[in-house]
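Dropping the structures in below, format is structure tokens.
Both complexes shown next keep subunit A, but they swap its partner, so subunit B is in the first and subunit C is in the second.
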Partner chain A sequence: MLYAIIPLVVDGLANAALIFFVAVGLTLVFSVLRILNVAHGSFYSIGAYVAASMGLWLIGSGLNPWLSFPALLLSAALVAALMGPLIERTLVHWTYGRGEAVQILVTFGLFLILEDLQRIVFGVRSIYADTPMALLGVSEIGGIIYLNYQLLLIGLAVLVLIGLRMFIRHTRYGKLISAVVEDREVSEALGINTRRIFMMAFTLGVFLAALGGALATPTTGVAPGLGAETMVLAFAVAAIAGLGQVEGAAVAAVIVGLARVLAIYYVPALDAVAPYLVMLVVLLIWPFGLFGSTQTRRI
Partner chain B sequence: MQNTFNRRALARIGLAATAALAMGGAALAQEAPAEFNIGVFTFSSGPAAAYGMPGRQGAELMIDMINESGGIGGVPVRATYVDEAQGAEGVISEYRRLANNPDTQVMIAALSSSNCLALAPVAEQIGMPTISWNCDTHQLFLNEDLQYTFRPNGNTIPEFAAFAAYLMEVKPDARRIAIINPDYAFGHDAGEIVKATLSAIAPDIEVVAELYPSLGSSTFQTEISRLSAARPDAIFSNLWGADLENFVRQAQPRGLFNQSQMILALGETVLESLSLPDGVIVGVLGDGWWNTPTARANEMTVEFTEAYRERFGEYPVFPTMKMANALLFMQQAVEDAIADADGAWPSRDEIAAAMEGRTFESLTGTAVLREDNDALVDQVVGMSAQDDELGFSVMTNMVRYPGEALMPPLGEDPIAWLGTLSAEWLETLPKPGSYE
Partner chain C sequence: MSNDQSLLSVRGIQVSFAGVKAADNVTLSIHQGDFTAIIGANGSGKTTFLNICTGYVKPQAGAVYLEGHEITALPPRDIARQGIARSFQIPQLFTDQTVRDNLMLSIAAREGVFQGFTPLDRPEYRAEADELMALVGLEQVAESLTGTLPEGLRKLADVTLALALKPRLLLLDEPTSGVSALERFEIMETLMNALRESKTTALFVEHDMDVVRRYADRVLVWDTGQVIADGLPETVFADERVIKSVLGAM
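What follows is the complex of A and B.
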């Protein structure tokens, strides 16, 4: 029995890990900026493209292949530093306080622009940079061979979750973010620079999405369309958790990951719709998500 | 070059002639246009571009070669490329837009089976000769009497039945079969065809896993775990484009290629770009490999292959050859239509009439169009093996199954016909290794 369950759990967690990075960024941005950022998936794919390009450059330059691990992190940081403040200041901040329809239209427009930019810059053919995967080798668990890199991803997702939690609870900036989420007007009255907090939260969201993309590159090719595929799943996770829930996003990612795995193992015909069936059931019972409420202004 | 007119063609020409007479005979003595315009439909973006772009590159090169040798009837060919990634609605809209130009006389459309199915009724409505250069769903001509849609590259029934036959020859004891195909008509049709053929040849076959991941999936890790857990003797897949590349890159390090006999129906497309292990059953969905004995013996194919490699820095793959073959088919038909019209420039109807029933010499073999406009095309299947001279894997232990041996008779239900096959039928086919 255990022999049969272990692969389900490992596959479910490995699935959940990658979705988590994107979903948690999406939900963080929503909780602070009150914006459902449709372009969030593009940051995932841009992170993937930059990481793959950097990885290929490293190997092509004959540098130590183990440098490809820090390069993944560096790629995400680079994307966040360059794109986060720029997009937040030039485009996203115009949508603050406006209706959801305007926000969705603006961020959807941004998504289309970013998708086309990726095609122009990186072309339409898939890019592969799998050095980190090859360096770590494989392990046999429950009679099935897994990439050690898949197991590393699970660990990294847990680390990011703990890190985010500590950042929000125990650092000055985290507490400022919490204050802005709780009440923007009062925060401003107390002298908190909310513009800066918004920019920082948006950039952090971009970083998490780009990190998810960068970490995905060693096991998958990067091609146009990657962002849209991930974004839809991230929305499902965020909706199941309840928008604005960081820990909830982790739990929901595991639920979605397990749902997909169970479908593939036992009802393959439902593979593609399994996450959305779960979302449907959850929203029918808990309209604001598993951890959400009518007052969702908290993280 | 044989060119057979049937009753439908004669009837169509009669109708066209009547219409032309009604218009004062203007269409009967058309002057040659300044350019022969065609629409070329393929995927040039998205995950399917990994498969579609070699097709487009093949079109660019073949059109250049045709134009360098004087064009068609002295008229240069000019192609407008349409990206199929925009979806069926956009593809139909582009098709109609191009067809509005009377100088557009042929469409090379399409790559995707769903787009071909969507375009066929439009082609009939407009009266536009349309060459399905890649889409191969057997449903295209099933119970349909299409007069303007032609498929010189064959269909899914012989394409996938060939792999079942090959597997039973090289692994006669394989009984536990798994399938992983893309989740749309092409994948599901292939699954049905492989199951029907294998069940007919070896009735005790057991399908232990059948997976249809979404087209364009970036990760197959869970599917790979599922396939590993099922312990199949053989795994059949018709994944293609970036999906195929991702699947191979993810499955290989996880030992799937060592555990089971892998069959990659479109595996030839990744022989140069990926490091496939030896012994994978691969094919080209037809006869379109640039390096078969037939292709090597054809001067034009060698010239095309070298020119392609020089221009694009890689060898052509079978979508390239299918596209080039489709354009050659068009060229030969239009030239015959010009000859049939005593040198006058032919109308769309006359071009369509010239396409019917052709025996067509392609870059990679000979194809014969049946009455339903679907072609009998040979099927080449082989096994991957590293070629030290080329530096990548090639197909070895090849067999070339005659097209007619794998094609159901006209009017017969294809899946029901597959059910009538048997181990004795297998004995009538040429053997792996017989085509080297």
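What follows is the complex of A and C.
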């Protein structure tokens, strides 16, 4: 029995780790900017494309394949640094304080633009760059074989969760973000540059999504449509947790990750809908999500 | 650039909301060291005036000057950095944080040092926050979350947050509303001591005339967006127009 369950749990947690990166970025952006960014999934797919391209270039250039690991992180950082401030300042900025319909339309428009841009830049064929997974190999613990890369993903997600908590609770930026989340008006009255905080939070959200995408490349082919698929999953996770919940996003990601894997193993026909069935049940019982409330300001 | 020597001056400001005038060609000055009360019926434009001075509402006409420099178009954060701090009618604090953390945040915002990844809890900030809490008597609740404080202490913490910015001008929107009559005078005494100690000029909106008589050295009377009386409390309170149109309506 244990032999059957443990690999399932590891699979589910590795899957949850990838969803967590995107969902926590989505929830962070929502908390600070109060915008449901429909284009958030595109940053995941762009992160994946950039990481896969960089990985393939590294191997093609005959460089040390272990450089693939820092390249994953570098890809996410590049995407965030280039796209985060630019998009926030030029497009997202104009939706602040406007109705949800405007925000959704603008970010949906952005999503469509980014999806087409990816097709133009990276083409429509799937890209595979699984060097990091191949390099790490497998481990056998208690007679069960694990993919080391999956264990790395789980560890990284835990590190990101702890890091985000530390960042928000203990650094000056984090305190400023919390202050802006709680009360923009007072933050402005104290002289806090809320514009800078918005840009920073948006860029951090882009980085987290792109990091999820970059880390996913060794486990899957990168193809058009990846962003949309991930976005819907991230929405489900954020809704289950309650928008604005960092730890909640982690718990919800684990629930969704495990639900998906259990569905794949036991009821394959339900694979695609399992996360949404979970979401439906959770929202029917807790309309604001497992950890949410009517006020979604806590992060 | 304005030529007068006032700390704050407004010239011909006009604001209306859906045809209702909240500021109707208002011109006035606040001088260094003044402790000025603004009184008037609800909806007369008192809070709008504070919002104009702090950049939350932009006038449709006229200008606001701080020490002769125009600040009309500046966003609230820049006006705060120029030295105008404010408290709100309903205490606005970061309720998930302790009183000390709230104050340290305010101090850090004032310092404006871009050291984002360093801890907020620095010894010099902590010492300054503790000093401020001692000044207003909040030491006992330093570690309490502001969301758990009773209304009187929340009011005091709210004003202290503004004081932590070391403002040249402090605008207080009903600093004693929602607290008992006894607490009202305690808060005002504490506040006055802190303001005198820090040599801060203040402007406060107030509905309690006993508080105004006791603490204000100048009173501005607001009525439908206009200042209808301006002077010493005893003079203003004896004004027939004030008695008829404002005090009778309060």
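Everything that follows uses one rule, which is that the second predicted complex is superposed on the first by the 292 of 299 C-alpha atoms of A that agree within 3 Å, B and C clash if a C-alpha of one lies under 4 Å from a C-alpha of the other, contacts with A are read in each partner's own complex, and residues count from 1 in each chain.
Just so we're on the same page, contacts are C-beta pairs under 8 Å (C-beta built on N, C-alpha and C of every residue); 3 or more make two chains touch, one makes a residue touch a chain.
Keep in mind the model is a prediction, meaning the values are calculated, not measured.
Within the superposed three-chain model, A:His170 lies in touch with subunit C and out of touch with subunit B [touch as defined at top].
In the superposition on chain A, A:Thr219 makes contact with subunit B only, not with subunit C. Contact with subunit C, but none with subunit B, is seen for A:Ser178 once the two complexes are overlaid on the shared chain.
Touch criterion met: A:Thr194 reaches subunit C, while subunit B stays clear of it. In the overlay built on the shared chain, the residue A:Val186 is in contact with subunit C alone; subunit B does not reach it.
Interface residues of subunit A, counted against subunit B in their complex, comprise 7, 10-11, 14-15, 18, 119, 124-126, 128, 130, 133-134, 138, 143-147, 150, 216, 219-221, 223-226, 229-230, 260-261, 264-265, 268-269, 271-272. Listed in rising order, the residues of subunit A touching subunit C in the complex are 167, 170-173, 175-176, 178-179, 182-183, 185-194, 200, 298.
Those residues of subunit C that touch subunit A in the complex are listed here as 54, 56, 75-78, 80-81, 85-86, 88, 92-97, 101, 105-106, 108-110, 112, 115-121, 161-162, 165.
Subunit B meets subunit A in the complex at residues 44-47, 49-50, 53, 183, 209-214, 216-219, 221-223, 225-226, 228-229, 242, 245-246, 249-250, 253-255.
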